[in-house]
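Given below, in the form of structure tokens, are the structures.
Common to both upcoming complexes is subunit A, partnered first by subunit B, then by subunit C.
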Partner chain A sequence: MVGSQLGLAPDLEPEIPTVVAPGMPGRRVHIHPAALFVLKRLAAGVLTLLVVSVLIFICTSVIPGNAAVITLGKSATASSLQRLEATLGLNRPLYQQYLSWLGGILHGSFGDSAVALAHHQVDPSIASSIKNPLINSFILGGITAILLIPLTLVLGVLTGIKANKAVDHAISLPSLVIAGLPEFVTGSLLIYIFFSELNLLPPVSLVPPGQSPLATPNILVLPVLTLLAVAVGSGIRQVRLGMIEVLQTDFVQFARLNGIGERRVLVRYAMRNAIANSIQTIAQNLQYLVGGIIVVEAVFAYPGIGTYLVTAVLARDTNEVLAASIILAALYTVINIGADLLVVFLVPKLRTELV
Partner chain B sequence: MSVALASRLRSRRFLGGILRTNGGRVGFGLFVIAVGIAIFGRYFAPYSPLDTLGIPGAAPGNGHLLGLDFIGRDVLSRALYGGRSTLFLAGLATLITYLIGGTIGLVAGFSDTVLDPILMRSIDVLLTVPALLVILLLVTAFGGGSFVLIAATSLVLLPGVARIVRSATMGVATRGYVEAAIARGDSTHAILRREVLPNISGVITADLGLRFSWGIILIASVNFLGIGIQPPTPDWGLMVSENRVVLASNPLAIIAPAVLLGVLIVGVNLMSDAYARQRDRSEGHQ
Partner chain C sequence: MSREGEEISGSAGSSGGWGDRAVGRRTFLQGVAGAGAAVGLGGLLSAYGDSAASWASAGGAVQAGPSALPGGKPKRGGTFTVGCLTQGSEENLFPGTAIPNPDCVRDYALYNLLFYPNAGKELYPLVPGLALSAESNAAATLWTFKLRSGVTWHDGKPFTASDVAYNLTQLWSSASANYSSAFLVGLVDFSNVKVVDPLTIQIPLLVPSAQFPTIFAWFNFGVLQAGATPATAATKPVGTGPFMFQSFTPGQQSVFVRNPNYWESGKPYVDRLVVDSSFTDNNAMLNALVSGQINLLVSPALEQVRQQMTSKQVQILQSASASNTYAFGMRVDTGPFADNRIRQAFKLLTNRQELNDGALSGFAQIGNDLQGPNTQYFNYDLTSAYDVDKARSLFKKAGVLGKTFVLPTANVLPGMIESSTIWQQQAKAAGVNIKLKVLSPGDYWTSVGGAYVRPFCLQVAQALPSLTGQYRSLIQYNAPYWDTHWGAQTPGGNAATSLLLSAEASQTASTAQRLWDQAQDQQFHEGGYVVWGWLPYIDFAAKNIRGLKASSAFNFNNFRFQDGWIA
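Coming up: the complex of A and B.
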């Protein structure tokens, strides 16, 4: 019940919080319920990520042209193709290729980029070519997240308290409109306003190789604004609903009837109980950033992991697609687990009910 | 499934409910405008959407209301042609999602067997990957044809639909009229179709608009990224990205398709928001 409300997987619902420790027959060791919950959640996360990695691997391996074909390009002959496939290990059975790929990742290696091999680059390894895009994306996502969290909470709580009053309508309707637009529409409109009309900000966010985007902060403004527009809008709605729900509970009503000041009722009673809901909302929005960044980076030609992924998809560079996809999927899962754990630790009630 | 839904959509309560609020009225207006342009706009196009007519990126003038695009084609004509593809793909994807995801949700919600956990776990896996990433991967694997786009979008929309239909089904599965039907020995199929489906069609309709607008966003985004519909086909999403090179000389080449997409999506969203509010009020939900 509680689990489904929080969007947690139903298999995490109540169970006997004792396990039999291996090697100690007959002796029951009590593991703290919270610790057990953490372990189960982590195990479930690792398991889903493994399943996802298999699916991603299968997806990229059904492409007709493999890395060897791309590497050799038009100069490919049947024999040179066979030789390269043997060197790259592409002639092995699929499950062996998967296992060695997985093993590589665990050692921090994502294999070589086929396109880089084709251009005879000095260092074709993906691990080194993906590093800078990843850092750039973290900068873009990080700044957005720092602004996103307080904005969502403040506006969500405000509209919740003032539900169906003028303030609520003034914030809720525009956020419904803006949050529904695709990132590239919002981004293009922002470019039109701030570049074409006002000439204040650059329409593209190019970062010279070897430089940090933080060296030229003005290129980050429009991408951050675009991400915020979508994420904050949808977040406000959910926090607002959670707040309205809490304000209608008996114990908030009783706090009021007891003559406790409205400010105290809101802060100590209502908001503390809206926290669980809000954390899930924020987590969903952070997860959204992982996917939203793909389009926003394309809009502004920002050299992050999203641009890297789209370029790789267009070039059919399977190893690059694999690397970028598994990183994004992992981030997605980590945020999800983090939120679930945070909720359980912040809301004591759930600690006893969930496990 | 589709029969109950169609009757729901046809009923006056559906449109009446939406048109009772200002937001709903505005949404309906925007929706009609955007869909009208997407479907019938091409019959009013002054030029062919594929012919090069002048200097690339020319500003409006010379009989070209919205100027020329990055290779000198008439922007207005392309905008009038460019909506049908996205609308058609997203509509079909939403329909397929409801046929498959709705069936999964119904079966999972109604069966106490091992089927429910199996279906729900596989759906959890789908939810651990960003939606756009799933589509990108499938396009990488199978190419960017219409069939792949529709299938990939349906796959992404499916978990949400299955979950909503499942929980709605579970909500009515223990009601008296369902238990009575079970007691008199009706087949599961008959119970689902006659007892369950009519009683969850409100939930489905409220959800439908959101899925549809998400479908439009996903399809348009994939086209924008250049991995969906391919040039020279006129498409709103694709137009926004291909005309970025003429941003300085003719920003309308980008703004026109972007605004049309925005009008379509905002229209759908406002309508479904109005419907959900109306439904909450009439059925006594919070």
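Coming up: the complex of A and C.
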């Protein structure tokens, strides 16, 4: 019983509704409203991705000149153009190209890079060229996320509890200032401090092909710090605000009046509710990482998906742009859905509203 | 315009060196080749570059550093790691489809050209590469190239004339295999190229050309082994160059190792050459250099050069002369610029110093609307005037005062967007409007961006070591980079083309000078280019790098990393 585990009174436990399966008169299928919510949310996510995929595809297709024309450039002859267009399937109607591309993705194939084909590269498949940048970005984003979540919560709760006191000012003010700076400014400042002045950390994060960034962990420190500096500030502010609001609610006041210890009030009553409210904020910050990582990778010359996307756009390699864009969009959607579900499961009020 | 330390006169006879001998008759490179043979390679290559003490000024432009790093006794070993801005998956190992950079860094390491531009202030006389000399018949329609002996490919096979013939007939003649094939198509009679002996090749021409060998000093003409194709070069490139292939990951990193059998005795000095082309940002690249993660940096941003002039964290290497030509181009045959009064007005309204200061940080030398500086017969005496009132008057006479001209621009090379914006303001002061149409960098020099068809454009032209090369590249009828459609104008197009062909065919220095003067005079008064600046090549090196040089031909003096060592 999820409700009981979360400490809800038995009389608040939701009544499970009955859903009649369509086309099956007389038979009743019991679907828990929470499961129904999950299904709806997943369906919405898939729909969102479909719409996004269509938009990305149209955007890359309507730009004058196809990938073959751009790639072959000056060396294009009628026959070489025809050959590359046929190889890439660019001679088919747009809807067929889209369906073929979508079908490929569902089977785990992103197709071939037009540029790599034109230059006779050994392996032109996008799946292999995007693999390492993707892993590198996951490592960078993953480490940042692992640090971002507890840091946001701890500092946010602390500033909320100590609102308008010295600790609050000491944390809030600098975090707000840093959060207001663009990534490349923060990155440059960190390079100045940790490389130019202290000579402690490398100012760029070069990773030779085939090598993991984890082999030289010190190259990750400054990019992670940059991402954290930008993302943590706004998160702290939101959690702080949530904490202040929760501390002023009736149930916290009531708990205090009942003589429950302050520590227990904070941990058991206030923090849980404040944290649940902060999940969306944290999710937003994680979503920011998906975009922010592009700038940070450029500042530190880190070979991740951001760098991959930038060079693909510059080379007008449509398939590479499509692959990187849809992966980033999928990541964005997954974080969004994950946060929605987590909030619903953590906040009793929302869960009961599902019924 | 004349440059410091050089007296420019109207005749080739007084320009000295190669000019006297080569065009005099038939012996295009014999003097240079002979010098090489007589004094050995060291004597020949000592002509490269200028001393470190010679960098005080360059025609009024800012000179940030010397054109040669400190020398001394070369030291063997170590790795050169070269940083370049990335070209992503577009990067390749095939010279025919190379674009600057980092493709050229790799190609100059792997392959050799037949001839190289000179590393001095002038781009001529040529320096022998795989070819030692070039000699023509009296009509300059049949050229005989003598090739270097004792050169071996990276796989151990000997380099011969058959290899050169293969390149000419199979690769350099094909638009799909070579971006610069148009330099040769219509000029070379490919079907009658003849291998005379293993070290001699005869190249017949369809039209006479007295400076024909200079065309081969171009980065797309790296010599491949007979039988090589773009596909084989992409996986197993075999060259004759100073470094041998080890690995290549496009847009990331490529690794080369020292060629122990390289024909320049004792060179290269370093064991490995790594090209890191993963950078998307200039600052990150400079940080990598300062922190020691790379030790050479190709083409830093000009504001970084300014900054390093004071902070001195790295060595700055700057060519003593400047050939990289910044211009606005106007089509002379059709559209609004077919009226020469409008072209003249645009030339007159151009404040070149302001463009140089604002767009190129003051590093450029001021251009005079002509292509091909630092080549034989170039006319420095013509000086472009700046007269806004006259420009306005010409616009008025042409009936376009207050009209708007659309200028496509893009952020491809340093200063392109900035110069377009500054020029827009300058045009406004003369009574016309320029509307900027900012294109994607990847599209600018493609058919998608309207390249070589559009009426108005920007051009940044790399140097070829002769007016023949430069005009064949940009100006002559149907040139590969035919921005201005010179020769297609009516009336006068045919006569203009004939004049260029006559100048190109001239074997005697005085006649050639006279004809090239006429051709340049035409360009100056009627041509479609507003050439406002010549930018030198500037590169950075870590403080412990020695022996490398700069020239106005290309970065690091044609990426001659075989000359350098780590102190």
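The criterion applied here is as follows: the second predicted complex is superposed on the first by the 326 of 355 C-alpha atoms of A that agree within 3 Å, B and C clash if a C-alpha of one lies under 4 Å from a C-alpha of the other, contacts with A are read in each partner's own complex, and residues count from 1 in each chain.
One rule holds in what follows: a residue touches a chain if its C-beta (ideal position, glycine included) is under 8 Å from a C-beta of that chain, and two chains touch if they have at least 3 such contacts.
On a predicted model such as this, the values are computed, not experimentally measured, just so you know.
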Combined model on subunit A where subunit B meets subunit C, clash or fit: clash
Touch test for A:F195: subunit B only (first), subunit C only (second), both, or neither? both
Partner chain in contact with A:V62 - subunit B first, subunit C second, else both or neither: first
So, does A:T307 touch the first partner subunit B, the second partner subunit C, both, or neither? second
After the superposition on A, what does A:L90 contact: first (subunit B), second (subunit C), both or neither? neither
Which holds for A:V177: it touches subunit B only (first), subunit C only (second), both, or neither? first
State whether A:G291 touches subunit B only (first), subunit C only (second), both chains, or neither. first
Return first, second, both or neither, reflecting whether A:S80 touches subunit B, subunit C, both chains, or no partner chain. second
With both complexes superposed on chain A, which partner does A:I149 reach: first (subunit B), second (subunit C), both or neither? neither
Contacts of A:L328 with subunit B and subunit C, given as first, second, both or neither: first
Common interface residues of subunit A with subunit B and subunit C? 63, 188, 191, 195, 203, 298, 310, 313-314, 316
Under the stated contact criterion, what part of subunit A meets subunit C in this complex? 63-65, 69-77, 80, 113, 115-116, 119-122, 129, 188, 191, 195, 202-204, 206, 208-210, 297-301, 303, 307-308, 310-317, 320
Of all residues in subunit B, those that touch subunit A in their complex: 23, 117, 120-121, 124-125, 128-133, 136-142, 167, 213, 217, 220-221, 224-227, 237, 240-241, 244, 247-248, 251, 254-255, 258-259, 261-262, 265-266, 269-270, 273, 286
Can you list the residues on subunit C that touch subunit A in the complex? 86-92, 94, 96-97, 175-179, 230-231, 233-235, 247, 249-253, 276, 278-281, 283-285, 287-288, 290-291, 293, 440-443, 445-448, 480
Per the contact definition, I'd like the list of subunit A residues that touch subunit B in the complex. 4, 9-11, 48-49, 51-52, 55-56, 59-60, 62-63, 173, 176-177, 180-185, 188-189, 191-192, 195-196, 203, 244-245, 248, 287, 290-291, 294-295, 298, 309-310, 313-314, 316, 318, 321, 325, 328-329, 332-333, 336
